[in-house]
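Two complexes are shown next, each including chain A; its partner changes from chain B in the first to chain C in the second.
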Partner chain A sequence: MTKKINILTSKLVICFLMLFILLGCSGGREINDLEIVIGMGVDKDENSENILLTAQVVKEGEMEKSSGSGGGEGDGKAFWNVFGTGKSVFEAVRQITHKTGNRLFVSHNHVVICGKDLALEGLQKYIDFFLRAHEMRPTTIILIAEDRALDVMNAKPETEKLPAMNITKLVKTYGFTSHFYKVNMKDFASCLMCGTRAPIAPLVGISQDKDNKDIYVSGMAVFNNDKMVGRLTEDETRGLLWVLGKVESGVLLISSPNKQGKVAFEILEAKSKVIPEVKDGKIVMHVKIKGKSSLSEQTTAEDLATIEAFEKMQKAQTEAIRQEIMAAFDKSKELNADIFGFGEMIRKKHINKWKSLKDKWDEIYPTIELNTDIEVKIQKTDLLKKPVSPGKEEK
Partner chain B sequence: MSIEKGKICNLQLLFLITGFVQSSVLLIDFTVVITEHQTWMVILAGLAIAIPFILSYVALAKRFHGMNLIQINDAVFGRFLGKVISVYYIFFLMMTLSFNILDVGELYATFLMPDTPFIILLIFFTATCAYAVYKGLEVLARVSHLFVVVGVIVIVSTFLLLIDQMDFSNFLPLFELPFIRIFHGIHIMLSIPFGETIAFLMIMGYINKTEHMVKNTLIGLFIGTASLLIAAVRNTAVLGNTEAIWTSPSFQSTRLIDIGTVLTRMDFLIGIAQTILIFFKCSILFYALVVAVSQLFGLKSYLPLVLPLAGIEVIIAATVFQSPVDHAAITQDAGIIYSVPLMFVIPPLSLLIAKIRALPKAERGKGV
Partner chain C sequence: MFRYISKIIRYSALKSKNAIHDDTPDKNNNEPILSDLEKNLEKIKGVLRDSSDVTFHEFNFGHDRRFKGALIFINNLTDKNEIHKNILQPLMYDVLLLKKDVNMDFTKIDTVRKNLISITGTQKLTLMSDLLDHLLTGATILLVDGAKEALAIKSQKIEHRSIEEPGTEAVVRGPREGFNENVNVNIALIRRKIKDPDLCIEKFNIGERSKTDVYIVYIKNVANPKLIEEIRERLSRIKTDAILESGYIEQFIEDAPYSIFPTVSNSEKPDKVVAKILEGRAAILVDGTPFALVVPMLFIESFQSGEDYYSRPFLASIMRLIRFLSFIISALGPAIYVALTVFHQELIPTQLLISIAAGRERVPFPAILEASLMIFTFDILREAGVRLPKAVGQTVGIVGALVLGQASVEAGLISPIMVIVVSSTAIASFAVPAQTDSGTILRYLYLALAGLAGGFGVIMGLLATLLHLSSLRSFGIPYLWPIVPLNFSGLKDTFIRMPLWTMSKRPNAIVWDGSDSYRQGPGLMPSPYKKDSDGSK
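After this line comes the complex of A and B, so read on.
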């Protein structure tokens, strides 16, 4: 009997001790002590050679306030941009603790914006931290600022409370126009590691009208290895995305069959297939694109819902897409940056021939030929069958 | 004479083997550095080469039914040489177990609880394993199918959640790497998930019926390998050429899961599955080790050895390597060499000697 009681007490004591041991307190971090970072910007410090890191920290209190009782709170900014400088990104991140009193909590970091001066100098030495730090996510979006990242981080958006969230939203909805593309850390690293493929990243700038600063994404930065060498315009970017099969939607503008106005199509679907061909040192890339579109707007009075008009317009769309692709292709040749990943495609399909091409890829790339085979089908005319034309004008 | 009183049935053997092989799902990362996008074929080649050897383990267990590896060694190689070989096996089990405990420790220290002292993680994990071993083989066998189901669910669900991010052209070109690297990869694959099933020679003796052992072992192996394969395909298809740079490709690929910006941060799934599966593997290895040591010293029960050996294991795990870099280098290069004779030479050799000397019949009376 006493033995049983002894066992029972010892078990209870163990359970009691476990209360203290198993709480996992050693790594505990309370929510109100966290400096939740939602965006980071990396710049070159103007005065020294150091890095200027901007971390956008959420102010939890402000977030709640403005959602409840309208505005009128003066400078009710829901974020705090805190700066740190250092010789490396990590040093700067730790430097920030002098101002915050806490380690930054970067698990919710959505974007990393790099200043243009860093991009021109080479990003390889800066992105390591963003991939290595254990709270960082490989889904973090990378952007290049047209000028300085900290200006972008400072521009307060109108509807969103947090600039970084606003930028994330902008980039994630690239599909409406397909004029730029979402690139995350993993994709960027993957392109960088590839050796021949040129990484790209969306460019973000500030447009100033009256007293309002707006953030907008304006095409893509093109890198050669890790240095920014140029930029793609919006149309060129879509040309690139056509080839990669990443076009989700967008507006395709052509002139109407009688050349009197414009017809706008919405892209509904696009698929692509690229077949590389290497024949005695000559490389031809065969690009096959199949798309579907819908007639969304026309500025002429002519009746376009006829079989003949459809055929003509399908041809015109094909030509428009071809021009976009060629624009991107010409630009990539001009920059000598393999943004399409043609080298990768050849490596994957023709490994033996690739071995001899690899070393002089820079010289070979401008000699590549592109062969396009585009097919677009108009699927619907939305709510109208006939245009709104001024009645009986011809009779 | 037999140390273990419990018996396990054939179906339980199947799940034990499946779980054991499956639990190496993070350990294929050792191979990924070397074989990159060709890991999937290395896994298949490893399985194909391993099958004859594993069948030889089964044949041994069948021939010497009711006996464990240490007893078999004594019977086949005689008292002295048998003991020497048994010590070699015990050393192997000890190191393998501590490496696996270390894997869990590193997993937690890197991804899940970076601020917790390393040794605490090791102690708690080993204590849990020790508890499982204390309860005996039957208990472990009875819950084995639960572990396997959790593993399969996690691996398959992460695969499905990542399907939209997969790029199957990442597997091209099919044959790119020099053969020596593939060979190295196959060797690692052969030793780590498959060769370590040698520990089952400590368990197979307690199976109540020997009829379907071959079939069940093979099915177990196939299910386990299928899990490894799904994980390897997922990692390569999702991560592409960056696969080799991450500390843990499986973790990184599940971190990429992003379904409608809601279903994100799924790496905890890998954390859960890996803890459960490695716990399972460590318990089996620990059981094998404890029984082997007590058999070697002729103890009547293995229970008194559980705690001391657990302590030793923690100390080995905490001190054996300086860093994960050290760990990976040794496992990739040295670890697979010293274990070769144990996995691929001695078992077939024992079988051959037993055949020549017509052993089990002569020894059976003595054994029981």
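After this line comes the complex of A and C, so read on.
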């Protein structure tokens, strides 16, 4: 018995000791040896045909300092934009290590910003690395710069310490206006691979008002295949999101029932349903939208809390939404880019007919008709029932 | 090499065993007591080697003082007052003896016992070895010239602490009393809680030199007779020279001596021990220690506290879950930290990663070394804190807190997050007192695995631990019961504590089929009194 146990324990001890020899901490890397990249920008080098890659590396020490006391050494920036050039993205990434000394750690990369010139040329060859590298996340947000990506990366935001984090926050809060939409690498790639659907990506730029250089995100870039062909304005983008059912919230402005002022509504909820109909070669998309809104602001003194006013305003809202949708639809026809994914919807519903439509989808798309059925309900008038106006105090 | 080492161990064990046998005093003492008083006394004096604390008091008694007798006792073990008042005085001055016409034969020990000794608890002895045993446990021995027997009279006087609140196992609600070093007091404490004729207390005498009293305490119809038989068997196998604490017994009878998990539980609190006895377990009380052993032990017992049952079930259940969590934290805390920061940085939220990186900027060591250093320092402090005199203890605490918490961070030796990880681990390890030992060992083991192979290593370690735990048994009961094997009625008192009126069955892994396995009947849920339960009106 004891002999048996002794042999067993000795085996176990040997196994445990072998762990140290065989494993040897392979695959481990200390945090100190990492350069944490939180954003990347891809541009064309101005002088050559090479890629100019901007990696935004966090300076951890600066991050910890409170923004006020940062003075003294350095410029107080919490980030460091490192540039690398190369014939391919991967080459540029590795070239950056000449400057950092440490390996770039890209698992925490939140955004990839592509310069406009790249987008116009075609993104396919540039985004391959971002999807293929195992450290990269498919949920990385992709944005198109209005001009050059590195300018966006260099802008120093006021509240956030890191431009890339700032952009991530901006994109994630698209719901407040629904004037742009969050697109990540995976979405972009799946749109691209789908064939008929046109990929879109939000546009990011720098506002030059006064002295402040603020990053802003607004509107969407529209791609045909992998080439950027045009852009959607803010209203057009929301038109697109209405159809997709992705409107989370936003301000809907209509003129008041007596046309004296404006009434602003907050969109509380929006649901959509699209039913494609294919009849003897003619395609009609029936879009059904159900929404709820609340009266958030009015610039007139009239009493809007009446049934008649509500009905009028509901109608006006319906019309406003319809206009946004039609604007987006017209733009997409003009660009011949199926941003709505109508092709996919038809494929799912009418697989047999789709086979014949698929090949000439580019020709068919501009002939599609859109039929909207919108229903908006005003749910509340927030804290005020009647407007704050002089001389109307009730007794 | 291992075989060689084991040979050495076995040899030395054999040697020490022989050494015990060479010295055993009962070798020559297994002979009867003689009728000649002088010879008997000479013999005893020879065996005891003229110990200075043994009193031999020879005296004459009876009418005309014609009978010769002797009292032998050990000074400090016996109550002298009692000897004088109730043994010596009646022997010499009893009214019976002063009468001339009394014709009693006081050379017969029975006659002496029945007529003269006014103490309960006397025993007739015929063998010299018995006589010595009784003498050494504190009895007063009465020898009478002409009698072939001796009388052992109970007159022990044992100093003991009063019943105090135990230092371990403090409770907010529940009895404060704790066991002390006197086993008779401890048995009384248990008796006082269970006034049941079925409560059995079996006495054993273990230790060739210490002759320590060891008691098995159980309830006859509740405890499994096989369990009791097994305990008897294991106790009787112990052949050692002394039992100084119940830990000696524990290490001689436990099921898995090579496991880091205890398979015998211990407690200082009578209420806890009684509760376990009522569940069908058996307690082993050892003279000289306040710690009673209870077998069989289940893993979940470590997470149960007496207070769980005294307070209402809601918070008790949450606290029990917190105890489970603390055990996990105490074993895995540093390991997970190291695995995440060295191998899986992508799993840490960005903001947290940045602050960890900022904290580690000046730290020159790899994370695994940093963590081991910190845990090691903590264990040093803990050990020092236990051993140091109370007055210095506080100083150590302050110095420790400063060294661990502040100075090492400021000096750039340790990152602030590591301080948080290790200190929370340290605190968590004390939330489950019964598993503090295993938690500490597992912490080092998992840390090594995490440093070597990251999350993979930790998972492998966990798997090995789980396999090991499920292979353990304590006196035949699966250690992980009622989780493995799954038992639903047992689960009522595992992760959460159900109300007492729902737990009508005793744990059915411990009680046996033929036993009284119900604590109470059904339908005990409290409700307002209803006059007509059948609803007729």
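Just so we're on the same page, the second predicted complex is superposed on the first by the 362 of 395 C-alpha atoms of A that agree within 3 Å, B and C clash if a C-alpha of one lies under 4 Å from a C-alpha of the other, contacts with A are read in each partner's own complex, and residues count from 1 in each chain.
The criterion applied here is as follows: a contact is a pair of C-beta atoms (placed from the backbone, for glycine too) under 8 Å apart; a residue touches a chain by one contact, two chains touch by 3 or more.
All figures in this text were calculated on a predicted structure; none of them were measured in a lab.
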| item | value |
| --- | --- |
| Contact breadth on chain A, by residue count: chain C or chain B | C |
| Chain B versus chain C as contact partner of A:S294, first or second or both or neither | neither |
| Chain B versus chain C as contact partner of A:T367, first or second or both or neither | neither |
| First, second, both or neither for A:K348, with chain B first and chain C second | first |
| Which of chain B and chain C A:C194 touches, first, second, both or neither | first |
| First (chain B), second (chain C), both or neither touched by A:K186 | first |
| Partner chain(s) touched by A:E60 [first = chain B, second = chain C, both, neither] | second |
| Common ground on chain A, meaning residues reached by chain C in one complex and by chain B in the other | 24, 27, 137 |
| Parts of chain B lying in touch with chain A, wherever the complex brings them together | 110-111, 113-117, 120, 169, 172-173, 175-176, 239-242, 245, 252, 255-256, 258, 261, 264-265 |
| Chain B partner contacts - residues on chain A that touch it in the complex | 24, 26-27, 131, 134, 137-139, 172, 186, 189-190, 193-194, 345, 347-349, 351 |
| List of chain A residues in touch with chain C within their complex | 2-3, 5-7, 9-10, 19-20, 23-25, 27-32, 34, 36, 38, 58, 60-61, 63-64, 105, 107-108, 110, 135, 137, 165 |
| Of chain C, residues touching chain A in the complex | 2-3, 6, 10, 258, 341-343, 345-346, 350, 353-361, 363, 366-368, 448-449, 451-454, 457 |
